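Okay, structure first, notes after.
Just so it is clear, A, B and C label the chains in written order, and each chain counts residues from 1 on its own.
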Amino acid sequence: MPRHPDGPSKPASGLILPRRRFLQLAAAGAAATALPGSAAWAQGARPPKGTRKGQVVVGISQEPTVFNPLRARIEVDEGVHMNLFSPLWSIDAKGNLVPQLATEIPTVENGGVSADGLQWRIKLRPGVTWHDGAPFSAEDVKYTLDLINDTSFPAMLRSGHNLVRDIKIVSPTEITWRMETFFAPYFSVLAWTYIVPKHILGAGGDPKDSPFNNKPVGTGPFKWVERRPGDHIVLEANDKFYGEGPFIEKLIFKYIPDLTVLKTQFQTGAIDHIGLQGITADNYDEAKKYAGRKVTAAPLPFIEAIVLNNERPYFKELAVRQALYYGMDKATIIKDIFYDVPRPTETYLPQESWGYNPNLPKHSYDVARAKKLLDDAGWKPGAGGVREKNGMKLDFTTSTTAGNHLREQTQQFLQQGWQQIGVKVTIKNFPPAVMWGDFWRKGQFDTAMAGSVYSVGSDPDPSERLSSASISAKTGTGQNTSQYSNAEVDALLKASQNEVDRAKRKANYFKVQEMVRADLPLLPIYQWSMIEGVKSGLVGYEPNVNYRSNCWNINTWYWAS
Amino acid sequence: MTADTAIAAHGGQTLRRSTRYRTLRRFTRHRLAMFGLVVILLLVLACAVGPSLVPFDQFQLNMRARFREPFAGAHLLGTDELGRDMLARLLMAGRISLTIGFCAMVIAVTVGTVVGTVAGFYGGAIGTVLMRFVDAVLCFPTIFLLLTLAALVSPGIVTITLIIALTAWMEVARVVQGQIRALRERDFAVAAEAMGAPDRWIMFKELLPNAVAPIVVAATLIIARAILLESYVSYLGYGIQPPVASWGNMLEKAQQYLTTAPWLALLPGLMITLAVSSFNFLGDGLRDALDPRSELS
Amino acid sequence: MSGFLLRRLAQSIVLLWIVSMIGFALLHLTPGGPLSQFTNTPGMTDEDLQRLTAQMGLDRPLPVQYLEWFGRLLTGDWGRSYRDDTPVLLVIGSRLGATLQLMVTATLIAVLVGGFIGVVGAVRRYSFFDQLVTVGAMIALSIPTFWFGLMVIYVFSVKLGWLPPGNISPVGNESLIVFLHHLIGPSMVLGLVTTAIWSRFMRSSMLDVINQDYVRTARAKGVSERIVLVRHVLRNALLPMITIAGLEVPTLLSGALVTETVFTWPGMGRLFLDSIGYRDYPVVMGLLTFTAILVIIGNLLADVLYVVADPRIRLQ
């Protein structure tokens, strides 16, 4: 079954949060002390360079189909990209930038970035070759940035890149450019920008239709071998890889569309690592008992919430929104339906973000209070116990991806809970192609259960989802699908975007979170965790909240002998 | 998808009394058909009356009583993933599934009969166009057609009934067309036409009643098939919305608890099999009873 | 004969044309589109979406889109998949093998097991065996295929651990034995339906022949029962079965789709399901057309073989 357990943001939000240390650097406009190479390799004795043993089969529930890393893609595609290609630098699990094709992270100190943050100078690693043997050079970096900005090329995202001007190749190992305006998240944007080969894609013909798209050539730790559509993709070790590893011969991405079968195959040992979409929460306890397997709940930046359509007349009343939140038995949802795997939240930011405000009022489940709020606001029970006021009924629909069983259970649980406070909810779910299209974007839903990333890039800035300028139904752009509109929030968001002092921005974002918590344009439930696992003998797996796929460091994985 | 597509060509006059009696006797002697009939009646009765006898409401969630096993405790058939009583849900689901089966059958038979009658009566261009259309629709494997149609509508009881009917009417059309074409050459039809009776009258008053037998058989089998198709639509992700239960969507929700709570999948599956095979037995018996040829053997 | 063939061929092409029109119309009326997965990309504007829509040619009137699609189809260009940007024929081709493996195995099981059951049932008519398999076949046709598949997985994979719970084979170990091991579950499930159908047809076909005059004559002449059965009855009873084999193609395809879904078998059925969820119009259209061609070829073969095999049938 095609399951789309992760809501709207699945194919979408290209950028997820980087981490604290990095943000300090980036927000200041110049990086200070990134520790290249000092990163996450924690576990014990790794095999000596050049030794390789065995293969790793990664089981995933969606099929990777896009192999040009600049095109529109979903998480599982990225899992393949990060093993075939290299960015200028990557982000490790602790949030440090780690040089890849660049030899160092540009900072003011090393002259990589000017004090105003506008002039960039990148030194590139010499002696790197593409999988086909051709040398990698600054030409490839320039070509990649140009291609992203080429309007005839269907690039996934241009934000950040579209500010780059005057790219100059100083030498094969040095490149400079100018930024139109200061854009702090560009460090992290580049950490997800994989460099593509100019000598193949730029050799004539439309890069959209290049054979490269189905036979990619990169500089990463693994080389393309073959793809069996609908079943698997095989990569093999790149013995000329410039960096660490790889310590395995082959890397195989196995597509298993059914989460139950995926889990069973992990249990029986047919797959070595269970990645996206992982094991469902209701199977966590069972999975923890598998012999010879390590199972982990890895935090993700998605926030699951009941998103209200704030343009619906009944949701314009604060009392109604508050009553719905009081009438929501969040603790039971998280404990019984999601088995305490995800962490409850009161805000739209993940706990790992530096902008996260931990001091927000705690939700309580209080039916009496919910009823009183509605009574006081003049909503009186009418026919069938459904409250009404001035001929308007508290009777609306709730929607999500059809067939997402845990969400559907939550919906039914909420339906019963809200019925007790005199609110009638009808479940109206759709297949993903309908649900997350205009229905979601143009505000045609009443309420929707969705998991979204509210911060864009490295920044806790939620303008894309909470500013009134981002209401797609009105302005044609943006992801403010709840159509939340608060002038004070707008002003704070605007001020924070151009603020260089992180302390001030943090204070602003804390305030924004307080206001959003008070306004309740969406009813936050929890921050996502995904249950992944590896065989015990496989060393090196480490969750990294900065990436959408935990296949980020497979080049360092190895089999303990 | 029954094996015997060859449904007996029925002749001329409406069944005479003695024939009727013999048909009835043949039918009542058909053990499987009687079994099917009895089971269907019991199912209908249970689904109609049963829910009011069960001390639980089908929608009543109880998070403290999830995944209770059958035959142990207050819940006779256990509880589901939200602690709802399985028996109550199975019976209410039966109402939905049987209703869908019956309504889809009525629609399919009506559409198929009209198309088949018109095509068979007029023949020529109209007949050819209509029957080519039927042929074309039959070129889609049922499940492929069903899925394409399901993607078209938002899932609900009415829409699912409609799309199931739309995948099932073609065979009726074919059978009826064949019958009508054979019948219209008969004396009584020719006579009626000579007397200047209007086409509609000849088609639906003179010819159609003589084609009732194969239609009845087809109708019974379509109910069986509609119940099956409802479960397929649900399984493939385009089923009826929660919290309303149908046998199909109960099964769909249960598949991921196959290892931990197998009864959740077992019970609705058994109900579907029981209902569908009963209708199939009944249809089979009806065919034998209504087919005069079967007396030869 | 050639005139007959040509006429049937011409009819088939007309049929295909109608089929493609129905499919195209249905598909493009569906709400949601291939772009909805991009609509949530941060920074995506309505203009971007319109540009992409225009690039995909989805903004033009439906009849124009259809004519263009059909025109290209006639030249052998089935379009490109939106999802993995590969020619549709290649996409289908890469899945065809897996589906054929299933269909052929299931048909073999049906012919052997179902044929045997049918013959015995007809010879020992109304015996206990006959009644048992008649009831069994009816029940087999009444079980939801996917449910049976789930039960097979539960019993043979989860409980007993005899069979793999799905997939075509583990990667890197694609030996024949391993492949056959993986094939058992799904072909058992698909084979159940085909066997049931086949046994019933076989039985009624045998019965038709048994009552024929020439069989009685042969018996009356004192030919041994075994020879009568094999030479006269079985041989003639197999004739109509050729037709059945051709006509059962759509049933097989439907069954394969469901079976592939349960066993995560990378065939055309799964492809169809994934593509329709994604609104990958070119692939869905390609699959609908392709399966229709298979069905039509099945019908055509049934007709032709029947005529070839039985000279008594007069060509119109």
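In the analysis below, a contact is a pair of C-beta atoms (placed from the backbone, for glycine too) under 8 Å apart; a residue touches a chain by one contact, two chains touch by 3 or more.
Being a predicted model, the structure only gives us computed values, none of them experimental.
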Category of the chain touch graph - line, ring, star, complete, other: complete
Remotest chain, chain A as reference, centres from CA atoms: B
Higher-contact pair (C-beta pairs counted), A-B versus B-C: B-C
Whole-Å separation of chain centres (CA-atom averages), chain A against chain C: 40
Chain centre separation (chain A, chain B; CA means) in Å: 47
Rounded Å distance, chain B centre to chain C centre (Cα mean): 22
Multi-chain contact residues (two or more partners), chain C: 31, 158, 261, 273, 277, 279
Junction residues of chain B - those touching two or more other chains: 151, 154, 236-237, 255, 258-259
Residues of chain A whose C-beta touches two or more other chains: 1-2, 430-431, 434
Touching residues on chain C, where the partner in the complex is chain B: 14-16, 18-19, 22-23, 26-27, 29-31, 135, 137-139, 141-147, 150-151, 153-154, 158, 197, 200-201, 204, 207, 211, 250-251, 253-254, 257-258, 261, 269, 272-273, 276-277, 279, 284, 287-288, 291-292, 295-296
In the complex, chain B residues that touch chain C: 1-4, 32, 132-133, 135-144, 147-149, 151-152, 154, 224, 228, 231-232, 235-237, 251, 255, 258-259, 262, 265-266, 269, 272-273, 276-277, 280-281, 284, 297
Contact footprint of chain A on chain C as seen in their complex: 31-47, 52, 55, 83-86, 91, 94-95, 98, 157-158, 161, 164-168, 170-172, 261, 264, 266-267, 270-271, 273-274, 277-279
Touch list for chain A against partner chain C, complex: 1-2, 8-15, 55, 57, 63, 65-66, 72, 74, 154, 156-159, 209, 213-214, 228-232, 234, 250, 252, 254-258, 261, 264-265, 268, 270, 430-441, 452, 456, 464, 472, 476-477, 479
Chain B partner contacts - residues on chain A that touch it in the complex: 1-2, 259-260, 280, 282-283, 286, 332, 336, 402-403, 405, 408-409, 411-413, 415-416, 427-431, 434
